[in-house]
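What follows is chain A paired twice: with chain B in the first complex and chain C in the second.
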Partner chain A sequence: MAFGYDSEIRTVLRDHARLPVDVETLGDDADLFAAGMSSHASVNVMLALEDAFDIEFPDAMLKRSSFESISAIGAILSELRAAA
Partner chain B sequence: MSLTVDADRGFVDQIRRIGEDVAAVHADAVDHDARFPHEAVAALREAGALSAFVPVALGGAGVSIGAMARAGYELGRRCSSTAMIFAMHQIQVATIARHLEGEWFRSYLRRVAAEQRLIASVTSEVGTGGDMGRSIAPVTPDGDGFALEKQAPTVSYGAHADDLFTTARRSPQSEQVDQALVLHHAEQTELLPTGTWDTIGMRGTCSPGFTVRAHFGFDQILPAPFATVMNETHVPLSHILWSHVWLGIAAEAFERGRAFVRASARRNPGAPVPAAHSLSRVMSELTMMRAEVESALADYVAFNDDPERPDLATLTSVLRFNNLKLAASEQAPRVCMGVLEVIGIAAYKNDSPYGVGRQLRDALSARLMVANERIHSVDAGLLMIAKEV
Partner chain C sequence: MHGVGVDLVEIDEVRDSIQAFGERYLGRVFTPAERNECGASPARLAERFAAKEAILKALQVDGAVPLAAIHTHARGRGDLTVRLAGAAADLAVRRGVRRIGVSVSRGRGHATAVAITEPI
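The block that comes next holds the complex of A and B.
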């Protein structure tokens, strides 16, 4: 469950997460770090998400668990959108 | 509360005495011969200091992080190698104690307390470019247990440790970033030296490269996720304890400068002492270092107030403790260099009471223990995304 942002999130991941596998093979709850996303790549994913969704992640959200799966990313995006 | 404070104070006093009575006495020989500081480590064992971080319920002293840092500082004043071995060991104990799951590790901590076992760490690996967050060698099934074989470019006091704590890929199928931490005993381990340890400083840590081969049971793999362990404990606590050791080294160099200036002043009472003026400048440098080291410790203690430790999971926290490492590792040799210039040739001599050669050489290791350039490149990425730095 990625709160309706599924395809946009997958596009960002395909372009920036440098996963060794096709992102389409991963389920919404698959662990992106276990799938091979490095810390360095995750920062690029965060930047690209901020750009794609025109938002800014507050520091408290900038942690590994917020970006560990497509559904986790969907959850923080919807939280930010709801607060906006 | 006051019981804890008393226990902490007693612990720090005890470590300071070991520093003065044992570590300081052998520091020059340890440095000269690049040998393990057997005497100081034996004294630490006798005092039960190797289990100081083990919870009281498991037979340890349960001292605070602040007291541990202070103890590292006190040892750093007297013998950098002893201090760094002490700090690295405590980081391994803290990693287990703060992420404790499973009966095997619980009973292992009881053994650390009862037997005063010394733990070395095998985190670096040939081929990862110094990135602790990646592993090449995997944990592989082996008979009724598991095995690993890792090429480690440096393993501090590996040949003197009772146990080794090693990072590895979780399985042969896992990605490099999917890591596990394995605690294996020396008798389960084969260490094949691949190099020597004839360095300019930190000579007593005895840290050559090894091919590390180990066989172990499934229970010996730390159940906690490695990323959590790294963010909440391994990296920030390493930077805090190392920095306290480096502060001790710098403070010792400074004290030698002060002793020199005082001796000059006594020789010619009333006459101006130009060296005192230069030493005052060095004091500013030392004060800046102390401020950063102590404020980072205060931040870490505050971040631990919440049992869930949410603040330690953030990228801002990574930046905060990386900055500590960068600042302290660059400032420590700067202080030692400053003192060298204050004292002059008497500081350059190895056999002078005002010599600071050992402190300067030891302090130079700080920027290489996880290379500062590598930390800067991590920080460069985080700066792009973190909001408040």
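The block that comes next holds the complex of A and C.
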């Protein structure tokens, strides 16, 4: 479950994660790093999510687990938007 | 026990990130001193990015550590000195690390780094 942000997250991943597979073939809980997203690409994903959702990731959320799956990203976005 | 980390970065990815996100990308990843040392060179910045990721792996990172909390400084040919701040410094203390050695290199299209931690 991606907290209703599934489509937007997948668009960001398609444009910035440099995945070697079609993001539509990945389940919400699939490990994005195992699917081929590099650490460097995850920085781009973070910045693109900030643009797309008009948020800023605080330092405390800058960890691998925050970006390891569509579900994890959805949970973080939900938390940040609720706090906004 | 020594910790070891290695990382490989595609230089074009760094170039693309600078074009796409500009100052936001540079400011979130690199310190002002690193940017001053590397200038606008995507290859040099890719070396520094690889160094930071290699250091995080050597420290067996298990939480949130901003990349800009890892400060690298060019010491010699392919050799960097490392200073840690904030969450990165806290992690090193938890891991019992006294010093970190880093070596970087680059070839056609990629930059790579190896980091080794020295225990207290």
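The rule is short, and it goes like this: the second predicted complex is superposed on the first by the 84 of 84 C-alpha atoms of A that agree within 3 Å, B and C clash if a C-alpha of one lies under 4 Å from a C-alpha of the other, contacts with A are read in each partner's own complex, and residues count from 1 in each chain.
One rule holds for everything that comes next: a residue touches a chain if its C-beta (ideal position, glycine included) is under 8 Å from a C-beta of that chain, and two chains touch if they have at least 3 such contacts.
If you're wondering where the values come from, they're calculated on a predicted model, not measured in any experiment.
*Asks:* After superposition on the shared chain, which partner residues are touched by A:R18: those of chain B (first), chain C (second), both, or neither?
*Replies:* In the superposed model, A:R18 contacts chain C only, not chain B.
*Asks:* Identify the partner contact of A:A34: answer first if only chain B is touched, second if only chain C is, both if each is, neither if none is.
*Replies:* After superposing on A, A:A34 lies in contact with chain B but is clear of chain C.
*Asks:* Applying the touch criterion given at the start, work out whether A:K63 contacts chain B, chain C, both or neither, answering first, second, both or neither.
*Replies:* Both chain B and chain C are touched by A:K63.
*Asks:* Is A:V43 touching anything from chain B or chain C once the two structures are fitted on A? First, second, both or neither.
*Replies:* A:V43 contacts both chain B and chain C.
*Asks:* Determine where on chain A the residues touched by chain B overlap those touched by chain C, and list them.
*Replies:* Comparing the two interfaces on chain A, one with chain B and one with chain C, the shared residues are 38-40, 43-44, 46-47, 50, 59-60, 62-64.
*Asks:* Please output the residues of chain C touching chain A within their complex, sorted ascending.
*Replies:* Residues 7, 9-10, 13-14, 17, 20-21, 24-25, 28-29, 49, 53, 61, 63-67, 86-87 of chain C touch chain A in their complex.
*Asks:* Which bits of chain A are touching chain C when the two form their complex?
*Replies:* By the definition above, chain A touches chain C via 16, 18, 38-41, 43-44, 46-48, 50, 59-64, 66.
*Asks:* For chain B, which residues count as touching chain A in their complex?
*Replies:* Listed in rising order, the residues are 133-134, 174-178, 227, 231, 310, 313-316, 378, 381-382, 384-388.
*Asks:* Would you mind writing out the residues of chain A in touch with chain B in their complex?
*Replies:* 20, 33-40, 43-44, 46-47, 50, 56-60, 62-65
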